[in-house]
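Two complexes come next, and they have one chain in common, chain A, joined by chain B in the first and chain C in the second.
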Partner chain A sequence: MLEFASIGILVTMSLALVRALLGPTVYDRILALNLFSTKTVLLIAVAGFLTGRPEWLDLALLYTLISFISLLAVLRFSKYGNLGDDERAKR
Partner chain B sequence: MTLVLEASLFVFLLVIAVAITRTKDLFAAAMLSGIFSLASAGLFTLLDAVDVAFTEAAVGAGISTIVILGTLSLTDPVEIRTRRPLLPLGVVLLTGMALVWGTLDMPAFGDASAPIHLHVAPRYLSESGAAIGIPNVVTSILASYRGYDTLGELFVVTTAGIGVMLLLGRGESRP
Partner chain C sequence: MSVIEISSGVLLALGTFFCVTGGIGLLRLPDFYSRAHAGGLPDTLGATLILAGLVLLAGPNLIAVKLVMVGVLLHVTSPTGVHALAKAAYSRGVRAEEDSSE
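What follows is the complex of A and B.
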């Protein structure tokens, strides 16, 4: 069962990768990055149970936090064109 | 099954690396480098190097993406190529071959008679549970046997963080 789950996650990862490679707009690529990070988290969680180490679940949670922060930065960049400059961002 | 997962992740890494070098859209390259870090972090986790994987995810997928985007906001988002980069390609190929050549001297993966498994590792494995009281051996080594070392690393990381904050800080005195 876990094998099927990991195969499915791998297929989803490759689809997200295809979208990141082709994706004509910026939002395709952002979505692809977000999807890929979510799938990495899922893959680590499933692989943890597959190899008998469910502690990897904690690791997967930490990965989610990291990818959330970087997603915020990416979205801020794509909206304002820069990261921290409030004066320029207001314009 | 783990072998299938590792092989697929290696294929992903290869595809992403080639795509990063081929693309002219620098935002796409930034996104792809984030994906590359995530895939390699997953691969490190599968290879049981959990601490390396976590560093890769934090530095590669987290901070590097943000820093690359910050750089991108200061430059043009499209790469301009003037000539075929043959010299860098040669340097990269030479370095890669030297690295592969360097690994030939290393003991085989999982070799029980490798020096690292014979020197202090048996003592850590047999005694750390009772001596330190932490079930994870890596954690007990980092937090107790090499506690001062880890403390020094924390100082270094804190100093680096202060430096970054000083560089990026939104100073009110800035014109």
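What follows is the complex of A and C.
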């Protein structure tokens, strides 16, 4: 059953990559990457159980945090043109 | 095939179904804001179901606690991230199409 879950997750990741390539606006690409990283978290968890080494879940936990912070950093960069280090961003 | 394995199999199948639905929705929906729904909501539900299936497989130990932590974290960060994404897109001038009811 875990194999089908991992295959389904890989299919979703490929669909997200197709959207990342097709996406007209840059925000479609960020959305596709966000979905891709959420699926990576799931793939780490499922693959950990497949290979009988479930201590990989620390990786999944860490990756969830990193992907959220990186999403907010990319959004802030795309919104203000930089990461908010000048007057215009502080307003 | 004890009851636990069957129920975790069902949960995993449902979670995979919702994940693939989110992926398909990301491709087929016409407009960025409708795609934002597909990118944020179904995969959160799918992730929760898959992690719940894994918790059943793992049994009551530290691994299940970590799985629950990842599930709670995904519940909080994924929709919030997509909301921030839509807000940034709106502020940079991405507008929803008027009516794409062709």
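One rule holds for everything that comes next: the second predicted complex is superposed on the first by the 88 of 91 C-alpha atoms of A that agree within 3 Å, B and C clash if a C-alpha of one lies under 4 Å from a C-alpha of the other, contacts with A are read in each partner's own complex, and residues count from 1 in each chain.
Basically, a residue touches a chain if its C-beta (ideal position, glycine included) is under 8 Å from a C-beta of that chain, and two chains touch if they have at least 3 such contacts.
Here the structure is a predicted model, which means the values were calculated and not measured.
Q: Following the superposition defined at the top, how do chain B and chain C come out on chain A, clash or fit?
A: In the arrangement built by aligning on chain A, the partners chain C and chain B fit side by side.
Q: With both complexes superposed on chain A, which partner does A:Leu50 reach: first (chain B), second (chain C), both or neither?
A: first
Q: So, A:Gly81: does it touch chain B (first), chain C (second), both, or neither?
A: In the superposed model, A:Gly81 contacts chain B only, not chain C.
Q: If you stack the two complexes on chain A, which partner ends up touching A:Thr40: first (chain B), second (chain C), both, or neither?
A: In the superposition, A:Thr40 contacts chain B only.
Q: Quick one: is A:Arg29 in contact with chain B, with chain C, with both, or with neither? Answer first, second, both or neither.
A: first
Q: After superposition on the shared chain, which partner residues are touched by A:Thr64: those of chain B (first), chain C (second), both, or neither?
A: Only chain C; A:Thr64 stays clear of chain B.
Q: Is A:Thr12 touching the first partner chain B, the second partner chain C, both, or neither of them?
A: A:Thr12 sits against chain C, while chain B stays out of touch.
Q: What is the minimum C-alpha distance, in Å, between chain B and chain C after the two complexes are superposed on chain A?
A: Least C-alpha distance: 14 Å.
Q: In the superposed view, which residues of chain A touch chain B and also chain C?
A: Chain A residues touching both partners: 13-14, 16, 30, 32, 67.
Q: Give the list of chain A residues in touch with chain B in this complex.
A: Those residues of chain A that touch chain B are 3, 6-7, 10, 13-14, 16-17, 20-21, 23, 26, 29-30, 32-33, 36-37, 40, 43-44, 47, 50-51, 56, 59, 62-63, 66-67, 69-70, 73-74, 77, 81-86.
Q: Any idea which chain A residues touch chain C in the complex?
A: Touch list, chain A to chain C: 1-2, 4-5, 8-9, 11-16, 18-19, 22, 24-25, 27-28, 30-32, 34-35, 38-39, 41-42, 45-46, 49, 54-55, 57-58, 60-61, 64-65, 67-68, 71-72, 75-76, 78-79.
Q: Please output the residues of chain C touching chain A within their complex, sorted ascending.
A: 5, 8-9, 12-13, 15-17, 19-20, 22-24, 26-27, 32, 35-36, 39-40, 43-44, 46-47, 50-51, 53-54, 57-58, 63, 66-67, 69-70, 73-74, 77-78, 80-82, 84-85, 88-89, 91-92, 94
Q: Residue numbers of chain B touching chain A in their complex, please.
A: 1-2, 4-5, 8, 12, 15-16, 19, 27-28, 31-32, 34-35, 38-39, 41-42, 45-46, 50, 53-54, 57-58, 61-62, 65-66, 69-70, 72-73, 168, 170
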